[in-house]
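For reference, the structures are reproduced in the following blocks.
Same chain, two partners: chain A is paired with chain B first, then with chain C.
What follows is the complex of A and B.
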């Protein structure tokens, strides 16, 4: 087989890989994207799809989220693909007075850094959406952020990459790498031949760790499973993406806070989210627990439904037509790894956990800037691989 | 949560045959069917079967169904009727909407071995007016006539001349309907000559290289006419050849595809096998899929007919009982080989050989990732 040449080889054809390859191709790099299956065949097709600043703590991560929303808005105008981007903000609902107090503080903190967020009291929440359970004491409304169809976007970006002269090698598996005398990566070996290149971006989701190992990079990523339900068409619940506040509170601000949920819900990381989709089949989530298979768990889906009914009793009368589960590649601290590595020429965009779709555009843009030797839009320290010490993989499960 | 050794989803010919074999071997078998009585398509088949004596030639499908039901009962199979499996989840957990005396409730059944034999589903054709009441699958019309004894209409247009299109046309005529025409996109009749001859003798015209252009709704918003047209070499309708036919029912007999949604949601490896109806679960020579302990048989494992479905069901039933330790390996292997030979003999002739080759290809490629 003849060997090919490229400025950059991107490994992975999911949301991270297609975004990274898109920005690289736009920057004039000759890109080859290598994907083991078809585009969007892994976690990208087993997620919900949205991008909001409510999912992250104030500070750097909120800036990161705002930057990615801007990229989605730009992409929506720039690429020749309708990826069903709907920019209509979201609502977070509280369950207790204690959560209301936290929410008010959070709103202030986010407002202080310029985020558009508004606290709604009990009456405002119900005036805004009468389907909300009567005892919900408050909500936070975020104006920025939207929902999208990740599969459409991955395919749309695939076409853009090809238009810019890039190449998609689908159904192609990376089997190894070669380095030059200085230790810099110089070749990617696949089952379809070799690619001579100076740069490699590892962006293959849950497979990133094993690919990184082949080139001598330690990438600490563990796998979390998430279940989602799909409801029947035209069953109106609420017009905007809506989530529970408590789950994010525990994740981002107050790790000692205990939500009022059953031990089962705690164990399987069950929280409420509802995402209206373009096709009107709403998505209901979610769960987060250590597992490596993508078969739905009926006890978990039942608990998700129960949690959803807690916030919107109307769900009890809605039919679930389908459910699915996906695997989320997660770094030890839960935040993405967008970074150079100890091997010159090897870069990583992976470990985004449950926020992979959301952070893909900005991650792809930053990794492209690093590869091209440009000044990055953001400071890269907080996303660097250096923040993790080499430890054996049993950690943090 | 209820536990069973074997759960069989679908009580058609494959499911009944499998449950009889496994229960006779001593396994505790639960058979789940969403209809009021099991038997699947057998109870729609009022015609006599072809082939060899060993494969019930000369016997009507409905009588084979009755015999299997009796054997199921004698073998001690537990049967849940009016009960739908709505999903297969992590840990071999089946969610079943079960009918009980107190009404419907959702029950979780965990089974060591699961056989999915949910049959096939009719292919649809999209044309203008295809959602108007009066347009239906040919299999649907057959159920109405042969099971529910309801005539779907008085003047019927049949789209498709495969065996289903031909047999259902004849049965609709026996039930008192007028089959106005049979439309076929290919340049030859798809089904067996013997079935075609019966409808031809009764004076039904065949329109070869024709297709339906649209169904027309009358004042009552139901079908009152259909427009057909002739096709050119590129399968486009030749302008000026459109013809309006006065009908109240349009039946679509455009083939079937394996119904394997339960297998798909459980991560069973699938592939596209055109000879067997398209996207379908892969299986090995024991009818076991890529997921250990999950089996498929009958139309779910590739669209064929009742005899192959029964044989595949037997094969799966024996394999499951063997895996549970109820049949010693050597004896099981011998019985399975007999069934494999029987299946081979069913897949002969110009129609069967394509399926034989397809099945060989499926088994050769294996179920491993």
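What follows is the complex of A and C.
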């Protein structure tokens, strides 16, 4: 087989891979994107799709989130693809007075760094959306952020990559790499032939670890499964993305806080999330637990339904039309790995956990800047792979 | 085992022979007799009670195929209207030197009249020959299942099992209604996925863009993401993919089946489980 040449090979045709390749192609690099299956055939098609600053703690990660939202808005204008971007913010609902106190503090902290967030008391929450359960004591309203269809975006970016002279090698599997005398990557070997290149971006979600291993990079990524329910069309619950505050509180600010949920919900990381979609149906989530299959867990879907009814009693009479599950590539601290590696020429954009869709544009842009040797939009330290090696210097495989 | 009835909705001659559904030559030679073309093990036995001569036996378990005691059968036809599967006929191969009669249930209006010439059809509903209506019976006990008897050339006695519905003499295009699966010249605006209103054109575009599987089409167009989970459209999408890729339909994998099988409300799903 003839070998091809590229400035950079992006491995993975999901949200991270297509975004990285899009920014690289836009920057004038000759890109080849290698994907084992079809575009968007892994976690990208098994996720919800949104981008909000509420999902992350104040500080660097909030800046990161705001940067990605800006990229989405730009993409929506720049690319010839309707990826169903709806920029209408979201609401977080509290369950207890204790959570209300935390929420007020968080609102202040986020406002201090310039985020558009507003605390709503019990009355405001119910005036805003009368379907909310009567006892919900408060909410936080975020103006920034929106929802999108990740699959459409991946296909749209695929077209853009080709338009900019890039190449998509779908249904092509990477089998190995070659390095030159200096230890820099110089070749990607696939079942469809070899690609001579100086740079490789590993963006294969949950498969990143096994691909990185082939080039001598250890990626600490484990898998966390999540279940989602799809509800029937035209069942109006609320107009915006709405989720519970307690789960984020535990994740981002106060790890010792205990939500008022059953032991089962605690064990499977069940939380409430509702995302009205562009197609007028809606996604209801979520769960987060260690598992590696994509079969919907019956008990988990039951718990999600129960949790949803707790926040919006109206859900009780709404039909679930199907359920699906996806696998999050999770890093040890839950934040993305957008980084150089110990192998020169090998870059990573992976381990985004439950925020992969959200952070894909900014991650792709930063990777592109690193590959091109440009100054990055953000400081890369907090996203660097080194942060784990410092903590666990003995990690080898 | 019962491939023809499962795939096409009517039994083949081979299936009828295999399940011993055809009375003997000797019995046919003696006059009218019931032909019970029931080959599926379904829980059903009105035929047993309909025969006042005790010629039909289903017994226990109720999923037994009905057995006909040829000698007890008088060919009276009482069982024809009672079979809810419309699977019983009376055939008289002794009607005349050249003609036989076939009696069949006919649940269509308008009913034919005695002496009228109609088009007789076979089990598949395909026209076989001309037939003259000999008798139309529709007493109250038939509960709106009229039984029509037609005279036909003897050689068609084993083939004719009905008649073309009056007013529908131009036979319907079965290639279309039996199993609609996409034709190349179908217009772009024809809807394939009714739940998500996805058209032939949308799917053509997805395939042109690189979709190679039902799932690939679904992710690009939403076909199959709706209420019925692709029960209707996946067959058509398979055919379109098969035409485009040259693969056999059977080699195009099905889309992932996802729970619940049917829409279920959250209060039932959330139920009273301790979750």
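The rule is simple: the second predicted complex is superposed on the first by the 389 of 397 C-alpha atoms of A that agree within 3 Å, B and C clash if a C-alpha of one lies under 4 Å from a C-alpha of the other, contacts with A are read in each partner's own complex, and residues count from 1 in each chain.
Methods note: a residue touches a chain if its C-beta (ideal position, glycine included) is under 8 Å from a C-beta of that chain, and two chains touch if they have at least 3 such contacts.
Source: prediction; values computed, not measured.
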Fit or clash - chain C, chain B, common chain A: clash
First, second, both or neither for A:155, with chain B first and chain C second: second
Chain B versus chain C as contact partner of A:319, first or second or both or neither: second
Partner chain(s) touched by A:38 [first = chain B, second = chain C, both, neither]: second
Touched partner set for A:289, first chain B, second chain C, both or neither: neither
Chain B versus chain C as contact partner of A:60, first or second or both or neither: neither
Which of chain B and chain C A:257 touches, first, second, both or neither: neither
Partner chain in contact with A:218 - chain B first, chain C second, else both or neither: neither
Contact breadth on chain A, by residue count: chain C or chain B: C
Candidates 62-70, 98-106, 224-232 or 332-340 of chain B: the single one with C-alpha clashes against chain C: 62-70
Contact residues of chain A, present in both the chain B and the chain C interface: 296, 298-299, 301, 323-324
Residues of chain C defined as touching chain A within the complex: 196, 209-213, 215-216, 219-220, 222, 225-227, 229, 256, 258-260, 263-267, 269-271, 273-275
Residue ranges of chain A touching chain B (in the complex, touch as defined): 291, 293-299, 301, 323-324
Interface residues, chain A side, partner chain C - complex: 38-41, 45, 151-152, 155, 159, 170-171, 229-233, 262, 264-265, 279, 284, 296, 298-303, 305-306, 308-309, 315-324
List of chain B residues in touch with chain A within their complex: 87-91, 93, 95, 108, 265-267
